[in-house]
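Would you mind keeping the following structure in view while I ask a few things?
The chains carry the letters A, B, C and D, assigned in the order they are written, with residues numbered from 1 in each.
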Amino acid sequence: MKSLRIGMIGYKFMGRTHSNAWRQVDKFFDVPARPVLKTLAGRDAAAVKEAASQLGWEGTATRWQDVVADPEIDIIDINTANDTHAEIAIAAAKAGKHVLCEKPLAMTVEEAQGMVDAVKAAGVVNMVCHNYRRIPAIAQAKKMIEAGDLGRIFHYRARYLQDWIVDPNFPLVWRLQSKIAGSGTHGDINAHIIDLGRYLVGELDEVNGHLETFIKERPLPEDPTKTGEVTVDDAAITLARFKNGAIGVLEASRFALGRKNHIQLEINGSKGSLVFDFEDMNRLKYYNEADPADRRGYRDILVTEGVHPYVGSWWPPGHIIGYEHTFVHTIADFIRAVVDGKPVHPTFEDGLEDQKVLAAVEQSSKTRSWVKV
Amino acid sequence: MKSLRIGMIGYKFMGRTHSNAWRQVDKFFDVPARPVLKTLAGRDAAAVKEAASQLGWEGTATRWQDVVADPEIDIIDINTANDTHAEIAIAAAKAGKHVLCEKPLAMTVEEAQGMVDAVKAAGVVNMVCHNYRRIPAIAQAKKMIEAGDLGRIFHYRARYLQDWIVDPNFPLVWRLQSKIAGSGTHGDINAHIIDLGRYLVGELDEVNGHLETFIKERPLPEDPTKTGEVTVDDAAITLARFKNGAIGVLEASRFALGRKNHIQLEINGSKGSLVFDFEDMNRLKYYNEADPADRRGYRDILVTEGVHPYVGSWWPPGHIIGYEHTFVHTIADFIRAVVDGKPVHPTFEDGLEDQKVLAAVEQSSKTRSWVKV
Amino acid sequence: MKSLRIGMIGYKFMGRTHSNAWRQVDKFFDVPARPVLKTLAGRDAAAVKEAASQLGWEGTATRWQDVVADPEIDIIDINTANDTHAEIAIAAAKAGKHVLCEKPLAMTVEEAQGMVDAVKAAGVVNMVCHNYRRIPAIAQAKKMIEAGDLGRIFHYRARYLQDWIVDPNFPLVWRLQSKIAGSGTHGDINAHIIDLGRYLVGELDEVNGHLETFIKERPLPEDPTKTGEVTVDDAAITLARFKNGAIGVLEASRFALGRKNHIQLEINGSKGSLVFDFEDMNRLKYYNEADPADRRGYRDILVTEGVHPYVGSWWPPGHIIGYEHTFVHTIADFIRAVVDGKPVHPTFEDGLEDQKVLAAVEQSSKTRSWVKV
Amino acid sequence: MKSLRIGMIGYKFMGRTHSNAWRQVDKFFDVPARPVLKTLAGRDAAAVKEAASQLGWEGTATRWQDVVADPEIDIIDINTANDTHAEIAIAAAKAGKHVLCEKPLAMTVEEAQGMVDAVKAAGVVNMVCHNYRRIPAIAQAKKMIEAGDLGRIFHYRARYLQDWIVDPNFPLVWRLQSKIAGSGTHGDINAHIIDLGRYLVGELDEVNGHLETFIKERPLPEDPTKTGEVTVDDAAITLARFKNGAIGVLEASRFALGRKNHIQLEINGSKGSLVFDFEDMNRLKYYNEADPADRRGYRDILVTEGVHPYVGSWWPPGHIIGYEHTFVHTIADFIRAVVDGKPVHPTFEDGLEDQKVLAAVEQSSKTRSWVKV
């Protein structure tokens, strides 16, 4: 069988999820090529060696440029901090590598545009890793919406709630500093429900958002007796209008106690409704107005059957899967696209569209009015 | 409009629920006769007067015999302790009154048989008040089962769980003494899930039960420094075989912390399944095997639509009802039966059948083997 | 016992809920006066007589002015169309009657202000009937928030979703015409979650809303071959900032298939969170950050215990109550206030505040920007 | 780091789960030795080679005897049909290999006893793979019960429900023939809830079960125009008494439509209750009677925190795991036990105890009475 040799840049949280996916994909999916975990890159030589050993990579590099330049490498997988995505991706495209890049694609719309231009010019397969699109329940929802099962869509309501910085003594880590992180909840988790809205409902027309910082000073990590200013948002709330006439309400927060990774979506259309909750990700709730009047109700579909997207490659019905499987599905489709030389969603153009929405929400929060995407 | 004059014997917990139902029924249901709350009977003259004033009764009596003998009275409603049901009901039937009697119908199969004989001989309308049969969700379940929507039934599993005597210092009240209460959970709450099993699934063929008493001594109510023996069961667990080939598992307990009035039923058939939980009594869950393979799941039917049994007489969809409404539904049907002179389930014969099952379970717990009903 | 004689104006949906509450309140609550259902008023003599007979009223009137002028009447209960509230309430106050008025209090802020002035000048007890405040779970939530159990509040998110006009052939009833109804979802159901937000979280500082009409033409009720313009909103989505620094997201819609009377609230604070869903109104979910780290989770509190507000007057634990009980609780508190001559929330001043928020949201939807309340 | 070389016998469903666990364990857990997937054995040379390639094994064998005899092998992992467990395990023990064996341990109590004798005589580490013990929520439950958080246990109720043979045209596969499968639901899934009962509540004293076959004839797989007799149970229902005074109700079925791999457990004690549902396996519900009276309720613990057993080695809070992870946890503990030379539950002795319970239930179904374990 054909092999694809992977060079991966970055090995923290996303490096772990991607490594797992590269290792697992051909054990469960009938992919047309086997990935070879060839080179893992990171600046700290000792740390990257340890990570490679732990995560199953053959070799290491301390300069991503060397990996991009390596003629043995077919695919570059970018898991570094957001401010480095553009440079690496553009270089990889120029070197003729297919590129998988973590979300958000870039720091700005301009950067994202540059990345789109580069992959188009190079003709390489490109994908931004919005793993939640390939939760089986979400893929099933997409299938149903495309088949018209919901009819005309009226409402998209989405929440992405976490609770890890409610404590005011939680330190001012880099994620809470705009110069490094760009934004807070907005680029980190609001980005996910924006992408899912575009995927499931359609393109956005205009948005009206508000970014809030509840705790404005926090102890410095290096010296907890001193404090510094929090320069990112703690929460983002947004009204939205889609081009197809649907309206949306989006909310992202790190201040919702008890909500750990709570992504709740509800879509209401003229023929039915769908509800999803990530903490119960193997289920999809579906209301079908065409059911007989005395037995209508949200169906609690356990999305673990062979007829459901992706999940049949794992275990028998009722044997649930988890978070990391969504990356395996993503990479399975990416491998197929690379072998076939065909686009695979979400492309860098999707990442660019997401970026435009993120920028519009930020602007609307400043101008305190609606902003066209 | 025609009136029906009610004489009610007993005014404690069930007296309150029945009084409410008699008062409310013609405000919400289109019944062919209006009940007049004529006489409330109880042995303590002062207490019964106060209760009558509180509950809306016109007059009182201290001897039930006087109410039964009163030619003005059309209906006798019996809410007294179980050991008095038979005597009152038989006297009422002989006096030509229609009779509504709280469950369990009697103390023994023999007593119940005597009551059945009396109402048959007198030709009066008779009903045992198994109010849970007229929860809208249960009535909807019955309708679906009768229509064949579940196909052949394989399983009946039912739990009736409470937690009010887990504390070993809870005193030895009369309900925990067999000479007064007859049995513990068995006659009190197991009786309900036995009746619902007969109603929804069919007649029982044989049973195999175990009655357990976890706390064998408790403080005396009159002198907590002394203890007395608990002579009833704290929990009852039962295996059952129905005549139609279904099998059942029933469990009743007062030792399930956190379960307040938790009646959970599940019925599995060859075409679908139904699940009900009393603490969420406005819902019925329904699994339909005929749904498309990728969108099967338990439907969470909110049983508050006009098309559902009983509930349309109350409020608009989504505006839920509660416990006492089940008694109003029961009495609405009873009134119709009285006016029409037709039987209304559950009749005293149903009460007799329930009694036979209760007796069989008790016997099986003693013989430690299966007993034919 | 003291009596209070009630004159009620209007007998449709709210007339039914209020009549039931007046009838039931002294059967279950230890109120200091018994209500006498003296006069029911409505313009159609035959219809009001039939309603009075059905709902339990002693007499009828066809002019509300006669009821307000009747010296026998102590309390005026207003359940008429919104555009008549102000006139009736002001007349009743001038006549020295205590006044209970359905929500929304008025058509405009000015009207509401006039009503507040009138009841203040007259010194009568006044209350706007926001019945949802006295759902036991909501009253329990209020108690916990006031006790500081949630700490500083960050988020209020509220949805009031229904689905009764999704069908484009649903006719252009008066509720869909602004000249009669004022607004659509906004005044009807958004008003409820605005009032609950003020009650539970605090006063609003500024709002940013969007009112949407999905179906712009509908068949005329009198002639379905013709259509007319829908002049009210089908949905209202709102961002909000509270004076205490909390932020809110509110959504009201009649276009959410499968949601019948779905009022879902979530409040996140620095010490805990609360979640409520009306279709499951006997439950309150509570997350307590102070629980041990390995056993934290949303508690599913079945609000049916004697220690919970109101509900102990009904049935034992686990025996749930429903929609109409919230009116009984409201009227029990109103009677106490009348007898004691003390204010009872929500007063007409609360109604006025609600009206100011409603007006600000409408204005923001026009100006497409934030508006101070 | 030390290596442990694995020889695995059998490569079907359980072979896939075990292979995955051997591959993944050192990527996520800090185990003291790395497993080497050395030899996969199966009788069909071509099939075993393909499986080895797919599942990540270095080499293959067609005779398990060769693997057991291989001095390079440290551990034998048995995933074959139940009727071969004893022979292979005893040979492996005699050869000084540590042994991991799929459940049920054996076909009979006698066989299981022989296996226990063999591993004891050889002094090898031995484990029966009851993977559900190491679901994080179950491990958390065990921790809480051992700490006394539930107090005295009164009730164990357990259901293991599936629905894959409801269709009477489902063919007479080997799992439905007693000569090959031993039993139906009983040994396959009842075994799991028996083991969990022993693990969480304690040893059983006596049982009273009923095995039922609903569909007695099915089409032959090789010729669907003919039918053969179903010689195993379709469902097993059991009453149980534990040595510590608790009582239990267990139910296993393949005839519960809509239940895919529904393992629901509830344990009620004098201080609290626990509820678990496998299809929602990242959650544990906990009722604590010591909570304040107005805020008691089942806590919905999302068992994904670092403080919870096992799960912290995977992903951040709220990022759920799935079915196969339970095998990784099992094998992580097995590796530690092998390196330390210490026992690890469930040992073969546990498997023997489980077998005794299974045998007692079968006997009670025949004698129709209680049977001592």
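Criterion: contacts are C-beta pairs under 8 Å (C-beta built on N, C-alpha and C of every residue); 3 or more make two chains touch, one makes a residue touch a chain.
This structure is a prediction, so every number in the text was calculated from the model and none was measured.
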Can you tell me which chain lies farthest from chain A, using the average of the Cα atoms as each chain's centre? B
The pair out of A-B and B-D sharing more C-beta contacts is B-D
Give, as an integer number of Å, the spacing between the C-alpha centres of chain D and chain B. 41
Between chain A and chain B, what is the gap in Å from one C-alpha centre to the other? 54
Of all residues in chain B, the ones touching two or more other chains: 259, 296-298, 302, 305
Taking the complex as given, what residues does chain B use to touch chain C? 13, 17, 19-20, 23, 27, 54-56, 162, 164, 259-262, 278-282, 302, 304-305, 314-325
Touching residues of chain A toward chain C in the complex: what are they? 154-155, 157, 159, 161, 163, 166, 168, 208, 210, 212, 214, 235, 237-239, 241, 245, 247, 249, 251, 253, 255-259, 266, 268-273, 287, 289, 296-298, 368-370
Mind pulling up the chain B residues that touch chain A in the complex? 140, 143-144, 283-286, 288, 291, 293-302, 305, 307-308
